């Protein structure tokens, strides 16, 4: 059982501050959807509006097609996993998990049985009678998931639940969350500021900034085809050039910069102020001879070894630093510091984008 | 020189504790002296007769019962009112909070005599005003209860508020989100978290009520409480029965206090063991 | 308020507000307003209450100035109304108790906070709390036994040849002082200790390292740090002493009179509740002034004192 969620022109004001501005999104039943953005971008507010702790100032939220206006948190078919998990410290684990059933009047034996089933599912079969303070971070995580699943929600809302874990465990839990979501088929809405998490787990990602949803797309699209500078910059690294558009045609355009004319795809709305050209470091290559297009003479200034790849920093004539990433396949050659090179990129991999979507 | 000052401080602390305890010891010991005046000099031999006299003293037993009734009533009321006030203070802010909090705290600084007289005058005036002979409006122990609650509630409030401030509001939200009603959140989440503070508040209220004299003296009408009874005995002719009573009260309260302390340490040990287990689980997790 | 609705629902919010309102209105504000109102009313037979003679008057307060007596204050003979004298002496001796309590407490608090091994702290606390668990009347009674003419103290000192015949210790305000200090000294220890234990020991060592003698370290580092604790302890001790009725009655002599005793006499001997109300109000006023003064002097807030 899962339900889709529709946000239609949803706004939320705190006094004169607009935390969420005209959010429109349709989340499919059974989808794993992430809201990604820096802190203060409004993603938590969206989550709290869906769960019912905050009423939207304008607009409509529908879960499974039903308008949620006036429905309190305890009346909505959602279950929220809190950032700090909010496990009840005074109840043993099995009471924590079956709390949602307890308040629905399910008898004790049935609750106990259901709690054990869920514990088996999250791979904690012996934890039923332990207290919360006896568990490790990862174990608490699993209990929180089991507790939310116990009420058989149609939608699970997760508020950065992995942020307290250390890196290795976090990566392990990502896979586990994804597997649980696939197994239960419940719609997951996941809030995070960690792009790696969002890209790895989600079916689709909504990138947010300053209260506005900047782009909604699959992880691959978000990374490969960001719609604006904010998305490009928040998800992944870029070499950025400032300049002005010349002779646009057929989705491509010239771009006059202090380093000469470059060519790239022309993004929607790339007009007026704040327009820049973005290209990923892994699409930037360093060659000894000048390339066919988009080739900028540079001097290598720093080489940093990152493990899976090697980042070469090089200074252009105007002092701007460009980064080229070389995959560390064991045969990669790395230029010496001070070497003269050309930094080039394919026009199809570069995009001229507006700054960010701030509405109006 | 430094060492000398440390030794001096140690001796001082020792003497200070003797100063606190010796008077109580003398009072307790006098309960066994076979001498009509309550004292340890001159010592006329060990006797248990003052305890017998105490148990035969019906006025004492009545006062004892009154004290318990008043103390239980004060504890219950103070817990109700103090907890409610703490929750209220914890959920409001700004000037309203400052004003209400100030008002609540100030009750701790009002002299007992003033509380007693004001309580007495107000309730009797209301009684006269509505021409009621209802018992509530006459002097009596029920007015003592109301008077005592007026400041003891503030102590409960402070204890509960301290605990509330470490409460994670997310727990309430989590429970609501799981479908609990407001009443269920209160009963299953908030109150259980507050129980230790409420229990401590109840204990404080109980002891404060037992030992209260000033408020009780001005409101009690003709009824006796233990404190008032002891006081009247000290004023009029005393025999060491009072010492026998004092000794028994001391032992009872001390036993309770030690019991509380042992219980507290036991709970701390259990919690330590749990956290050790969590640390082991974390280490195991990291090893994966 | 909106926050409470959201968190606890309508019914619980209502109950919470009603309970708090009952406390503050019925048990605190209204009684004190009634006290103030009554203090301006004359003492009348029941039949005349509410009649033409029942006018607001300052007469109850002016009774403070009735009946002057001759006495000496610090060697200077003065003629002073007897209740004014009681009132002043109550303030004076309450201040004295406060100062004595502080002097007794300071070294102990320092010892507990900075010298004692923290592991022995719970034991010390338990020992200190024992007298707190014994009611005030019994603590006063214990001293009544000790200070009796032929009591343990006299006997001990006679045996040790310090004095040659038993001494009447309870004379003037001696007994009251001894009793009040013993009864309320604990209310000074805990706040001062709390303040002292929050002082970083490195500060003391830094001062000594810079060559400060021990007394200067205390004067310039430790004492200023303890100000909030001292303020809160002083307020407690002063209020409790000035408001005490048990200790001055049990340990008082024929020549000691405490203001609360005067109030009690108006209430139960003269059966003049209105004058008792006026006197009680004076006591309240004096205490309020003292608290404000301490708060100003030590620059602390009311909420700091309540800790």
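Worth pointing out:
Order of writing sets the chain letters: A, B and C. Residues in each chain are counted from 1.
One rule holds for everything that comes next: contacts are C-beta pairs under 8 Å (C-beta built on N, C-alpha and C of every residue); 3 or more make two chains touch, one makes a residue touch a chain.
A quick note: this is a predicted structure, and the numbers were derived from the prediction, not measured.
Upon removal of subunit C from consideration, the remaining chains are still joined by touching into a single piece. Greatest centre-to-centre distance from subunit B is found for A, with centres as Cα means. Of all chains displayed, B has the C-alpha centre closest to the centre of the whole protein C-alpha set.
Averaging C-alpha coordinates per chain places the centre of subunit A 63 Å away from that of subunit C. If each chain is reduced to the centroid of its CA atoms, subunit B and subunit C end up 18 Å from each other.
Subunit A and subunit B have centres, each the mean of its CA atoms, that are 55 Å apart. For subunit A, residues touching at least two other chains, in rising order: 53. Looking at subunit C, no residue sits in touch with two or more other chains.
Shared interface positions of subunit B, i.e. residues touching 2 or more other chains, are given as 181. Chain contact summary for the complex, subunit A toward subunit B: residues 51-53, 72-75, 78-80, 82-84, 86-90, 99-100, 102-104, 130-131, 133-139, 147-148, 150-151, 166, 168-169, 172.
Of all residues in subunit C, only 1, 3-4, 7-12, 15-17, 19-20, 22-24, 26-32, 34-35, 38, 49, 104, 107-108, 110-112, 115-116, 122, 124, 126-131, 133-146, 148, 150-152, 155, 182, 186, 214, 235, 239, 242-246, 249-250, 260, 263-264, 267, 273, 276-277, 280-281, 283-284, 287-288, 291, 302-303, 305-306 touch subunit B in the complex they form. Residues 5-6, 9-10, 12-13, 16-17, 19-21, 23-24, 26-27, 30, 37-41, 80-81, 84-85, 87-88, 91-92, 100-115, 117-122, 125, 128, 146-147, 149-150, 153, 158, 169, 172, 181-183, 185-186, 190, 207, 210-211, 213-214, 217-218, 227, 230-231, 234-235, 242, 246, 249-250, 253-254, 257-258, 261 of subunit B touch subunit C in their complex. If you check the complex, the residues on subunit B that touch subunit A are 168, 170-171, 173-181, 184, 188-189, 192-193, 271, 274-275, 277-279, 281-282, 284-286, 288.
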